[in-house]
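Just so it is clear, A, B, C and D label the chains in written order, and each chain counts residues from 1 on its own.
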């Protein structure tokens, strides 16, 4: 379901290209493909070998860029970023890539993820005189590079990266190099591709498809790639630790046409739906419907496995976009539904299986269940294609704190009651791991299941903060 | 598939409400629900019993209106309109509702459809001194009312409507009445609903759902409703002729959550897909995929009936919206795909059944087939959930002229070759009628099949013009 | 002073060009020069010999047009219009030039001025079946042309124009001709110029200067020019009646760099100031200041003639433009001044002569006098470079009705008291006529002084309406 | 004349307020008054005692702020900034006030002026690990504060300020204090005022007039004011050095209604014009005209002293604003004049004295002289109300480098020839000092005349850079 409704937001997407005369336009298309990972702001920094130029702004990719701005962003290499939505103000300072200037050269940096030792590092840096503009973690990295005593730039970067704990996919651009790094746990996706002779990197592989590039391989956890006119150099800044790709990328965040570790997202979701049907066994119902857009694949899988027909029981309005005019309380109570509507004739008098990908606060689920019942559904059976989320995420997904997680505070039956469903079933963690079916053979198949199990793949510090708390740091 | 890609455009949507203090806001929501019927312009005219006020503009509903404009549009009744996209300029004059002022009072009118005797009537009116501003048919109606010798306004309107031939759903607003009429063949949909004590009318029933109104009944072909503070009066301006609802509304135009003649669109489409599978019999294939958004329901029906799994083989970018930056020819050739992308891992090495709702020029189908093959599909079997369109539409759907209709000029096998498909199957007209399953028992079940069969339910005049030709009239 | 502050608004400006490949761009520049005559809307219609194309919109010239729109408006001739600000809604219908389409060809029309027999003509036309869209007088002209029984188009136009009473400068464009007409009293300015081989017409001559065109002559009262590829034909639709150019054009409306009847506006204003000083004789004061922008020339003339130094005692903020954020009542009372500010050090402790061009309601004058006193002026002597306005204007200047005209209801001493001035002097009508010094030798030197004297140069009808009343016609 | 035409740009304006519940709105009005000092960007940072909130953006004050943004900026104190226009990109990073966050609290800073030892300090800071985002000098100040070993914040600030050389007016806001400082030479203006019980500071006094505040005194060179709920504390961070207010503030930059060191700008300019007339002695001419807007006061003074009548010989178009449509080369050559136009009837056949405030490159002067001659002026005598500018400014005025300064490379007669004038006279430095008439009795009366004389009031370093060079630092 819609992240903005539920308070479940991804932290950003990154894109980079080296060796193409039209790097700004290609970055623009790349960001388009990643738009679902961040709608607050977008930016591109290009280099022409001499100078870095930035085009950034708040809003959607379409709003931030125009032909004139891209034409002026001449260069053969670029890094780019989309930023996710927060309530906080002062947004301009946080729109990436960030630029840092010094007598030894200008540097741009883009970052996707969340560090768990950011506050620890910040305090340390502040004590030695570092100043911070923005509230993001990104500045920390540059300060660490700057503070490094290593003689060569690449060694400085490696030292800095080795100090970071948590999730990150980082792109750094200088006038003559692009550096690409991924955290040692591989918590966030980052892939490498080729477009003719140019190298491209992106948070999701669908960006390669959109620009017609070929997937080459994933960037390895702990790896640092240094791309320049001399080619690509593969280095490591850390040994890979327990491989831990965020399971929610498969369940909810990534686009259905992306692959992560060569597993297609749509197909993984469909298997999640089938697995769910298998775990439930038999369910008496007339139609299966999914909450658009992210749960459609799982719903189709569920229908296929259960034999209950899949129907379009809920429909999303494609044109709401930026709706500046909000229904009054009275109109809302009278039923004005701007974003999501039930298809009355599909659900009226029917026992409905409503497939969703997750439950966070429960308020959205409750609203949809009631919507279906008001439209005439006689029963609504909610089936969730992931286990209950009962723990906060420290790696970049803006899941609200414990108090807001309904599964952290209620039993499944209490949740069922809260959302007014006739039954409620979650997928088992094992079933989820099995359905995603990643090509690794440890117990979790290289997935991070922390928000379900509370087992964090990295150390967690007393001052580790959640993304949404950062805006409040004074 | 996307109308704008294919040159298959609907002509507009209308919405009206009588007896609600917030008529402007409710009209705004109503237009939202009808946004898919027209993206070029939108307008609302309200009356407060004394005066009519208009808010209109070019663009999407979200772009035309804002809170301030709606706040100033105070009134207890309103009519509203969304206008479809044309290439022509001078758009402002054609944004409806149109206003006409005279010493006997101001009148607003909104119209959905296309008249077949518009030119005939215009020439006649011009000879007696009428002047025309815009290129639409709508002015004709008002001139006819004005020219009527009948003593009472309602009789004038009835006389005027009785002279019109072709498709229309017309709303007229004066300071103290709302008049609602539908052509005698019922070519375009128009329904009546209630929201508390207020009467509402809309081109599609999903507008009722969005604002929480109840469906009451369809406006009958040849009927004129007169709604005022005294209630609703039901009159006829003509006897119903052969009932002829546009079949393409079911196949392609209407929203899946709307019902026409109480048939839900999604379910009709799913049945079209099933019927298609039945007609084909057996097909050797690995996956079924639909061209989003309009063919998804048919694809799911096809998958269900054929037993071949439905997969998300094609994905539409939700954020393209107004993309001002278009790929250069070079980038396009290199594969930059802004609106529609294949899901490589789903189709690679697979025999794909690609379900689409119709073929107009064939260029889009060809592009999608090639996209799937480049993504690795070994075979692409195109199945179309409607019969070949080989005749122009004179009732409001902007199907290009004969020369552009591939099915008017080529055999099915030639089309198959032109679109590079491994096989191509259209639904039979009989199968389509059967699958839509309208509750009428004549041969066509009250559907207009003219674009498939060439049998037009109304007289066609030598000077009958297609919608897109109007822009060129000098 | 600022029209928008005072409720004294001009009605529109027109521009036309025949015989230049870049007619759209040149019209755009022409409208720029005329922007002060109307800020509500702007439009250009071009012809390429085959077809008319319109670009129109609400807002300033800069906002309505952009390079893309102008590039598409290809044609060798154009007419253009800027529209003045009203409070009324439904503005789009009134943005000119208006287009009328018929089987005999399309026609565009732009009009500056106000007809006194518009309602009379409208009622007559309505009785014979004419329908009106907009609230402006412009449609009346086209309906009259259409209704004419004359065989040739030019005779139809002449007959129509001969029926009009009041003020008008009209441009008509068909695919192969531009027609230019000015009312028989010459109430509104209209000049003819040449740019190379192209003919240009404009409400004010500064439009010629801006595009580098040469002034040729004024269009004569009662004259109709027909311009086509065959050249210019000079015809008359009426005998010139008493020549009556609006005196307020000299006093307030026209741009200082324009000439009307070959009298430069700035120099006329300076003479008005000098004449005022002469009429006053001696005045004990320390500084002279003018209310910007329109009274600066008169103030400089007054200073020069009186020997009292001219100083910048009041300054206008150049950047207010569209200020969407208005001071709260509290802030306004505390003195927040967005548009006009006193220069404290210039007026503090000084006896100030404040020169303004006119007084309408008196509220603005009162506000400025108080502003000067709060800034420390010991005395404020208000001198007005025109006589008291005590009668409404029926010819296109949006002077509010009698009740709002302070000079219609109060003696000069009562006005002085109402505006808190230490003395108040108006220019005499004779002095004004003398100072403007037009090259005609009747008593008024060919000026319309109706708003000062109540002597209207045309018949006035019982149903003659003021411009601002038109918006209310139902 | 227009700065943007001539490449003579001021660097920014600052505004601050402490102790008013509507501090965001008042800052907005304050920035309005200072808009002429910077049109590239604007920002306001407020504090509510707990938290700092920023509203910033690129563009004019009207474009950056809206009611919604200001409503959310709740706080009883604020600092604000307008930024001047540069060609460079990456503007967002430079829009002030800048925010810096640390565990000891957030701090906002706004700065007007240019430091001469910025590069020196930056290199030093970088060596000890500081990182710089933006290209402005402002960050340097915060890094110096951060690096200070002083125990208390105010001592840290004083130490930092004491290290700065060059021009600055600095405002710092923390959650509970506002700090206000001006460089020890007093190169840029900064005044203190009161609005009821609230303290206000602004680069120009006209900001006080606009919001209804009272002028209290100028901030002293070398002074640091600390304003909090406890009141105002007056401290010094340095002894005042040679008082050196930029003379060009009087000649060109400041608004006519502002006072600097209690000298009104308009009156100073008028005296400059009079002094110029006195120095010239006798000149044979018919009319005096000024280049709008900045030279009008001087022209009036010149006319008054010379006895030659002042006329409006040149007029500026008020509506050009953001003109996105630029005349083609051909149209420009044909005479299309968007921003400035001669008043033909005023200058035709006349010997014209054209008063301007300065000559930088000479290209604008040449253009205006030619414009006047093409309009028929028989002679054009250019008189400049300041001495020749032959040296770059290191204190914040974006005068181009030596090569571009025509007076650095040509004799006065060569300049006269280059600009096609019949004669050319500059004001003498002594005359300028005398006319401005500041209340100080040293040789320059406390003015900085460096751009005229090359005598810089501060040390200049080998690596001192001009403002426009900063954008290029890599």
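General observations
Note that a residue touches a chain if its C-beta (ideal position, glycine included) is under 8 Å from a C-beta of that chain, and two chains touch if they have at least 3 such contacts.
This structure is a prediction, so every number in the text was calculated from the model and none was measured.
Centroid analysis (C-alpha atoms only) places B farthest from subunit D.
With centres defined as mean CA coordinates, subunit C is found 46 Å away from subunit B. Distance between chain centres (mean CA atoms), subunit B to subunit D: 59 Å. Here the CA centre of subunit C is 37 Å from the CA centre of subunit D. Viewed as a network of touching protein chains, the structure reduces to one closed ring of chains, two contacts apiece.
Chains touching one another form the pairs A-B, A-D, B-C, C-D. Against subunit C, the residues of subunit B that register as touching in their complex are 50-57, 72, 89-90, 92-93, 95, 98-106, 122-123, 126, 128-135, 139, 142-143, 146-147, 175, 473-474.
On subunit D, the positions that touch subunit C within their shared complex are 22, 25-26, 28-29, 32-33, 35-36, 60-62, 65-67, 70, 195-196, 206, 209-212, 255-257, 259, 262, 264, 266-267, 270, 293, 296-297, 300, 304, 309-312, 315, 317-325, 327-328, 331, 334-338, 341-346, 375.
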